[in-house]
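Letters are used for the chains, namely A, B, C, D, E and F, taken in the order the chains are written, and counting of residues starts over at 1 for each.
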Amino acid sequence: MRPSKRAPDQMRAVSFERGVMRHAEGSCLVKFGDTHVLVAATLEERLPPWLKGQGRGWVTAEYSMLPRATHDRTRRESTTGRPSGRTQEIQRLIGRSLRSVTDLVGLGEKQITIDCDVLQADGGTRTAAITGAWIALYDCLAWMRARSMVKEIPLKTHVAAVSCGIYNGTPVLDLDYAEDSAAETDANFVMTGDGGIVEIQGTAEKTPFTQEELLSLLSLARGGVEHLVALQKAAVA
Amino acid sequence: MRPSKRAPDQMRAVSFERGVMRHAEGSCLVKFGDTHVLVAATLEERLPPWLKGQGRGWVTAEYSMLPRATHDRTRRESTTGRPSGRTQEIQRLIGRSLRSVTDLVGLGEKQITIDCDVLQADGGTRTAAITGAWIALYDCLAWMRARSMVKEIPLKTHVAAVSCGIYNGTPVLDLDYAEDSAAETDANFVMTGDGGIVEIQGTAEKTPFTQEELLSLLSLARGGVEHLVALQKAAVA
Amino acid sequence: MRPSKRAPDQMRAVSFERGVMRHAEGSCLVKFGDTHVLVAATLEERLPPWLKGQGRGWVTAEYSMLPRATHDRTRRESTTGRPSGRTQEIQRLIGRSLRSVTDLVGLGEKQITIDCDVLQADGGTRTAAITGAWIALYDCLAWMRARSMVKEIPLKTHVAAVSCGIYNGTPVLDLDYAEDSAAETDANFVMTGDGGIVEIQGTAEKTPFTQEELLSLLSLARGGVEHLVALQKAAVA
Amino acid sequence: MRPSKRAPDQMRAVSFERGVMRHAEGSCLVKFGDTHVLVAATLEERLPPWLKGQGRGWVTAEYSMLPRATHDRTRRESTTGRPSGRTQEIQRLIGRSLRSVTDLVGLGEKQITIDCDVLQADGGTRTAAITGAWIALYDCLAWMRARSMVKEIPLKTHVAAVSCGIYNGTPVLDLDYAEDSAAETDANFVMTGDGGIVEIQGTAEKTPFTQEELLSLLSLARGGVEHLVALQKAAVA
Amino acid sequence: MRPSKRAPDQMRAVSFERGVMRHAEGSCLVKFGDTHVLVAATLEERLPPWLKGQGRGWVTAEYSMLPRATHDRTRRESTTGRPSGRTQEIQRLIGRSLRSVTDLVGLGEKQITIDCDVLQADGGTRTAAITGAWIALYDCLAWMRARSMVKEIPLKTHVAAVSCGIYNGTPVLDLDYAEDSAAETDANFVMTGDGGIVEIQGTAEKTPFTQEELLSLLSLARGGVEHLVALQKAAVA
Amino acid sequence: MRPSKRAPDQMRAVSFERGVMRHAEGSCLVKFGDTHVLVAATLEERLPPWLKGQGRGWVTAEYSMLPRATHDRTRRESTTGRPSGRTQEIQRLIGRSLRSVTDLVGLGEKQITIDCDVLQADGGTRTAAITGAWIALYDCLAWMRARSMVKEIPLKTHVAAVSCGIYNGTPVLDLDYAEDSAAETDANFVMTGDGGIVEIQGTAEKTPFTQEELLSLLSLARGGVEHLVALQKAAVA
């Protein structure tokens, strides 16, 4: 039995609130249950130096948690002086995930920065961030299209992410914090709207897992991502 | 005429939403018009080293803005490696303001950290933060009282803050961003529920101001703080 | 009775020694009693990037204390890795104060950096620094005029600063360290040669103050600044 | 055809040289073709603070590349001031991989730090590091057993790692630099001596991959790890 | 002919002003011509951790230059975030030099920190600092003796330092800035009151030097140090 | 008797292994007994900004030790955030030593960076690094000559370095770690192939040394450097 009483293949309630940040070209408050992430997409003219003059744009991401998003207060990274290894790992993942579905040539020589700030954490912050970031990115690109900066929205498809894990011996979908801290194995899956796998990160700190277990997690993830993509489609319809 | 059409002594719409952060002992989303600050109060057992064993507690504050709280995106302070001078000035001000109304002996040897994170900025973020922080602090202390950690809520009175300035030659209350960036003079006033002045920060980068102007700003501020204290009282009633 | 036996409205002995640094375009060793600050004004061709091409110059300031300027040794900020919040707050104040009386268009596209290094501290280092910095800035501008880099000295008026506070219930002028650490309220006033107020920073960490107290401090400060401006005039005559 | 003329399922020449660092309790120079990593295992009495008094030890890792390990010189991380995101991601991976096969209770309240310094890089530095680190860790634990600090070597099994990817449409084993930079998809697999999966990191920045492709990479990786474990067994026999 | 018209073996005018810093246990303003260094000696109870419980004390030094001590303004090390290599090299040299003549067992378990702040630079700042630091250290130790913290002043002898160099082919004593920047070779010599050599740092970036040249520089330095020691004796008599 | 049984004027076994780093333009693994340093020379087009357009090149050096090069593990400088004072002092010394024998005009507007990474330390790492760096620099310049980037190898002569010290009252050549940590005095000598002195760094933290002792160390060093230069000549023949 899961702590939340959910069925093994049941996601938490997911919602997207668009346009919540007045100044941003695109923004979204995404909720996976009690995990709340505020995402802003910012359009900028300047590119990273190594990309200049190649006729392509760039999508990058930053990720942070408010100090009291977590059960115990976490120190601010501005006072520790640097983003932690975990933070950097997550923001690199978000960036790669979004670039995998963006037509960077279609975007042109512009950069879009996606800020993902976790207001409240209950497990799965990186997967909620990726899923909500797609909405903010879409709205930023729609903003550009409305101003004739792009002809079409330069997105190849949707991208969404979900975590799965083996909890008390059972494969379950969309781990919350109680499950995440007790799971034998957990894996994050990033997949596209047409079913392609963009990223798998599977880790077994306690007990190694088998190929069969990997496949059962992948199967759960596929169902979860299909559900998330359907919600994304409804949100931007 | 003010850009917002407000009368010179008219504040923006102010609201407090309590209990918005699931993990925090006290929290408040405060809005002064389009300025939105999320405040969390965290109770911690550890004191700053220089305060140990003196039978008193401490209240401190941290302040930050989300990168896209502002019209143009601001760099994250975790990537610049340190809180800016402006950030440090503001968080010292918030801490002093709250300590001025807290009975630190009544609190006992505990520390309360107030995190003020600006979700959206339109001028007056520090005054909104102080005003909302009083609510979060109150709720944190009420949480302690409910657990018999304190007998009475160790607050002497309310504290609230507002900015005033001379805009187009007229003293006006509660500057928004459009006014703030054009004002000849601006001043922040922190005052208590019984009318005492805790802090005045008045600055005239363009034209020095006179004693009469100072008094007219102080008079506006007094009215503004009275209004804010009334709203605080209603919020915690 | 003040620890120094001074009358409530009596300043410490103030002196300016000009031209004490061989390499600087302007320099001044300013003493407010046992508070000694060495000020150097440096003329530089380079402007902050955001100011280029606007036909205006800039005046900025840095502030530091020698480690043993204070009663106990203070750690060097080069070993802590960053200027403290207090340091940044003070150097921003010095810069704003000087810019308020400088004709930045008359200066032309040049920057003057004012270094204020406290050799010995006994309270009031920031007010001594501002007051002495006006002398060093004046001498730097006179150096420029002597080389026909400016026609007139681009200063609109004098600027000077003094602290006041309520000590043992009595408003007093120019707090020394013994008074400053015991005062209920203290305030720094920066005022111009023609009586305008440039900056007020009033703080009551212990007991809030009233409007009447603020006005009595302001009155003391006005007298103090008039005295300082007269000494500045004598020094550069 | 692979640039190195290898068959799709053919690893590079792999070798382990034990005991190469005079001062270390365990050490190993591991080579995967032209990728050379020097690994040192250091036994220390001190534990991370959060682990004290729990009757368990810890294994952690650090990773670095010499500046000219790479084709173009890379800046030293001591001059950039911090380990990069990539470095932190890799050292966290190495630590997790080794802990997954270590009996931390059997180790007792001690910490072993594994330093992996890349002398020369040609793709697959993290997988070579994990594979060689097992040897250095084994030798460090054998050093402890010889001194009766542990009764048995507290290792549950072997652990080794290899990368696979889809290069020119074909799944291939053990990517070198030329393949790695051109591959559509690449994945790192960390597996134990008894076939369990400890970690999968699969990334498709260009084209998403399918479940079938994932399984073909996993099958290649399984063969590679079996080969590496056999070589580890021969090395410590 | 030297730029300053001095004879090859002629030092600049040297002076010591004792007791110039009100708060310090010992202090000295030392001048070697236009090179002015303010030295403060601070007595502290705390020792470096690695020295605790060994019945010995420690003498350490820090060195800094005011930004406008030099012809062009130098950036403050608090803004670059760290002491430069040159700064660290100099402060290590000053510390070693003073420790070589201090009876650390006689000092007892205390630390004396010597702060050397260059107010004005014209070559030879490190040699002036060492020479003046001996005075400040002596006065700090005399302060301790006056309070019966030590029975005798725990100094074995004097220590002083001077630079020499080959300028236009001639060995000269006590280089000023004009000579220092043009010299083929320069060397700093630290020597004790009884003629022992504590430190030699000789550098030839342009042309290597010979043993004969080294000996002629050493001979000049010996004369210079004898002169400095005589002045130190007169100063503390 | 020396711990290693060597005669007072006997160096440790010295060897050079050239071309050990596949990517570097020049490289050398130099061994002075158990002290092993891996040196890489990197040719870069970019010059330090202050050298641009002067028709000259530059040679600079960086130095580091692997964490377990030493008996106890040393913290990585990427985690302390900065190169230590000792590291900076050594890398400045290596750079100066190499520049003293390089024809910088002959090199042209290019920079060569010498990376010296200590794989194993047993005293004398800086002298081994300088001596091996000459080989790596030579090979880098030969690489350039082979590509007609320079006509002749722009080296004026050889440069090599050795340490000497007074151990148990006897002057000895090429201190190993056991001697270095016990020596009364030690000195590093950098000398050229034609006998010129480039750098002397002599330090006596325990007992000051005499001119006679200095000369006996210099005499030992001269013999050691002659031996090293002969080995360098054999290595590049």
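Throughout what follows, a contact is a pair of C-beta atoms (placed from the backbone, for glycine too) under 8 Å apart; a residue touches a chain by one contact, two chains touch by 3 or more.
Keep in mind that this is a model prediction, so the values were computed, not measured.
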Open item on the list: If you average the CA coordinates per chain, which chain's centre is most distant from that of chain E?
Closed with: A
Task: Magnitude of the superposing rotation for chain A and chain F (Cα, nearest 5°) - done: 120
Open item on the list: Under the over-half criterion for shared residue numbers, do copies chain C and chain E use the same patch or different patches to meet?
Closed with: same
TODO: Between chain B and chain D, tell me the centre distance in angstrom, where each centre is the average of that chain's C-alpha atoms.
DONE: 51
Task: Centre distance in Å when chain B and chain C are each reduced to the mean of their C-alpha atoms - done: 28
TODO: Express in whole angstrom the distance between the two chain centres, defined as the mean CA positions of chain C and chain D.
DONE: 59
Task: Shared-contact residues (touching 2 or more other chains) in chain C - done: 82-83
- [ ] Please categorise the chain-chain contact pattern as a line, ring, star, complete graph or other.
- [x] ring
Task: Cyclic ordering of chains (reference chain A, direction chain B) - done: A, B, C, E, F, D
TODO: Spell out the part of chain E that touches chain F in their complex, as residue ranges.
DONE: 82-85, 88-89, 91-92, 96, 99-100, 187, 191-192, 194-211, 214-215, 218
Task: Residues of chain F that touch chain D when the two form their complex - done: 21-24, 27, 34, 38, 40, 42, 44, 62, 64, 66-71, 73, 76-83, 87, 113, 115, 117, 119-120, 122
